[in-house]
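Look for chain A in each of the two complexes below; its partner is chain B in the first and chain C in the second.
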Partner chain A sequence: MTWPAIRTILDGALVTAALSAISILLSLPMGLLLALLRWRRIPVIEGLLAAFVTIVRATPFVTLVLFVYFVMPAIGLELDPVPAAILALTANTAAFSSEIWRAALQAFPRDQREAAIAFGMTDTKVFTRIVFPQIWRASLGPLVSEVTILLKCTPAVAVIGVVEITRAASRVGAETYEPLPPFLLATLIYTVLIAVLVRSQRVIERRLARRMGLTPL
Partner chain B sequence: MSGILVSWQYRDVFLWGVANTLSLVLGCLVLSVPLGILGAIMLTEAPAPLRRLFAELVDLLRCVPFLLLAYVVYYGLPELGLRLDPWWAGLVSLTLYNTAYLVEIFRAAFLGIARDNIEAAQAFGLSRSLLYRRIILPQVAITAAPVIGNQVITTIRDSALLMIITVQELTFAANFVSANAFAPFAPFAAAVGLYLLMSLAIEAGVRRMERMRRVRYG
Partner chain C sequence: MAELEPAISARGVCKDFGGFEVLRDIDLDVATGTTTCILGPSGSGKSTFLRCLNWLEEPSAGDILIQGKPIGRTGLGRDAKRMARNELAAARTSIAMVFQHFALWPHLTVLGNVAEAPVHVLGRPRHEVEAEGRAILARVGLAEKADAYPHTLSGGQKQRVAISRALAMKPKVILFDEPTSALDPEMVGEVLAVIRGLAQDGLTMVVVTHEMAFARKVADTIVFMDAGRVREVATPHDFFANPQSERTKRFIARS
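So, the complex of A and B:
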């Protein structure tokens, strides 16, 4: 492979990193919001959110990407490939991470909440001072592995024409008529990125276990 | 409304897509479950250096995005002189990928078996193969069922990526119909509905296994 070809793929890596970063920043809080809304058990909304999570969790990510990109214009939301990719990634990870947050919320000791309310704390204060500082620690491990899964999902956005690592690699392959070397390089880049995340997950879990006496989930 | 009619007219395409998705997932399971069990046995029984190498290999495979693995298999095997059509390339990559996860699942299930079970079997003089066949695997089959169910749903989701190497599975079918009929919504909604059905069926199966476990082991 020539240097410009490698440059193309590395530029793709920047796009992948940016897409993942934006989607992570959007989807983790959104997952928390979904989990909190379901925690409240508001009649109709609860059912709608449960349906949303079930559907997204059963749908392959490529199908979700194609759905967002081709179907949204039909209901009047014309999206360029990059925003469509971010929307699909965010919806996917929000659905999956909401289950993680929900598990942490369900495991949250009731008496702590009741004690806080007995002290006259408002709902918001109970959440920011008592609930959140504890659940984010309990959820950190599973959330990091969710982020790893998100990174592993990103090649699928190549189907709608976002020029990230995979698209860049197939472009190089089409130009040189030798698809294998660029795909091997692309695989290597992903593997390094994901391996770093997996390792950091192990480190984070061990640190938390040591400091808080929590067992990693 | 017309989109739904159009999708119905293309029902053969959808059925073909479902058939391909299901045959890939079933083929992958038939191959990767035994391979996963073998791998897990190797991870518990092999001498330390070999075990460490194998564990690293499994970890490495779990870090590769599935689509890239499919691309490398699809373009790489011809370089090795093995020309496969897309369906077979898809099956090979799906099996390879899934086996790595199943090895981990089975290994965790092996570790979860009560030690006294194994010690009792050894005290009775059971041979290694009898120990696995009669004591370990039957318990593993039932305790690992929910996790394997999840893994099967993941496999169905992953199989959709094979549309990119032109395997004519369900997402390929939806994309084909939507491009040919100029109806974006209904074909994709139909595909999502069919995927939902498949994963609900698997969840129902897992629940049955769960009930079986409760009846047998309390």
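So, the complex of A and C:
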């Protein structure tokens, strides 16, 4: 492979990494917010949010990307490909991660919450001081798998013209008539990106375990 | 001397769960500096009553007053408005609670558990609270466990941490719901000894318990509950030597 070909793929890698990073940073808190709002059981809102989550979870990701890019303008939201891609990724992972957060909230021991309330904590304090510090740890594993799925969804944004790793690799392959090297490089980059995620999860888990005197898993 | 307000009083407290009456018209005054033990058969409403005292359960009727000030409602009677959530939260800071299953916060160290509410609810400076917290832990025999996490402790130690957490709030009243029922027999003594020490220091406590010998020795007042009612309020001596009702006699005989 020539240097310009490699550059094309690396540029794609940058796009993939940036799209993923931004979408992760937006979608995980949004998923938590969705879960918290649903936890509150506010009549109409609960129904709307449940419908949103169900629809997004049921829709193939490519379809979701096309929907955001081609259908949203009809309701006045016209986005460039990159923001549209971020919106689709964020909506997708927010919906899936909200189920993870929701499970963690539901499993949270009632007696701990009651103790917090009995000691005068307001709902906000109970959440920020007692619930959240525990549920993010409990949800770390499932959230990281969700995020790796997000990363693996990113090639779908090529349908609206965003050039990420896979699109760049196939372009290089088509131009050079040698698909093997660009796809090997693409695979290598994905593997590194995912390894970074999984590795960070391990490091965090190990640190927490050490601090709390638990034996690491 | 002026008549002291009771530390806590319940007036006409009723509670039903979906039509099922659990508490029926309960009146009770707890004098400041005294220990009240609530006895009664399982299902008689002891826990529910205790939880009404700090409005963990909302009474269906009746008033709870902490040193004469209503908690839960802004005034007296059923028509009084409910307190705003943050107002209720603030009112709860003068009543601490010790739970049967400890309910420690596992992500915080022992000292972290003790300091949590004084720092984050009362807004007191951490260094000051931690110094006091260490003194309290030393007093319950857990000085060297300050930096340990709850999961490394025995049941008896956990409950002593829970008591320390309550003491750190410097509450007007501490409520205990069967503080030794979840403990292995060999750990019951260490926890009861701590509570007894607090009683001798003149803290105001309401203790739901099945430990008759403890109630007899430590209580200033014994309250006997049955089927959602207070059947008897007496000194330990009178309660055990001279029970007023057949129901009480049977309960004492059986325990």
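For the reader, a short list of remarks on this structure follows.
Criterion: the second predicted complex is superposed on the first by the 187 of 217 C-alpha atoms of A that agree within 3 Å, B and C clash if a C-alpha of one lies under 4 Å from a C-alpha of the other, contacts with A are read in each partner's own complex, and residues count from 1 in each chain.
The rule is simple: a contact is a pair of C-beta atoms (placed from the backbone, for glycine too) under 8 Å apart; a residue touches a chain by one contact, two chains touch by 3 or more.
In this text the structure is predicted, and so the values were computed from the model without any measurement.
In the superposed pair of complexes, A:R171 makes contact with neither chain B nor chain C. Set against each other, chain B and chain C differ in how many residues of chain A they touch, and the higher count belongs to B. Contacts of A:L184 after superposition on the shared chain: chain B is touched, whereas chain C is not. Touch criterion met: A:A195 reaches chain B, while chain C stays clear of it.
Applying the stated contact rule after C-alpha superposition, one finds that A:V159 touches chain B and leaves chain C untouched. Overlap of the chain B and chain C interfaces on chain A comprises no residues.
Here chain B touches chain A in the complex through residues 59-60, 62-69, 71-72, 75-76, 79, 153, 156-161, 163-164, 170-171, 174-175, 178, 184-185, 188-189, 191-192, 195-196, 198-200, going by the rule given at the top. If you check the complex, the residues on chain A that touch chain C are 109, 111-112, 114-123, 125, 129-130, 133-134, 137, 212-214. Taken together, the chain C residues at the contact with chain A in this complex read 54, 56, 85-86, 89-93, 95-97, 99, 101, 103-107, 116-117, 120-122, 148-149, 151-152, 165, 169. The residues of chain A lying in touch with chain B in their complex are 54-55, 57-63, 66-67, 70-71, 73-74, 151-156, 158-159, 166, 169-170, 173, 179-180, 183-184, 186-187, 190-191, 194-195, 198.
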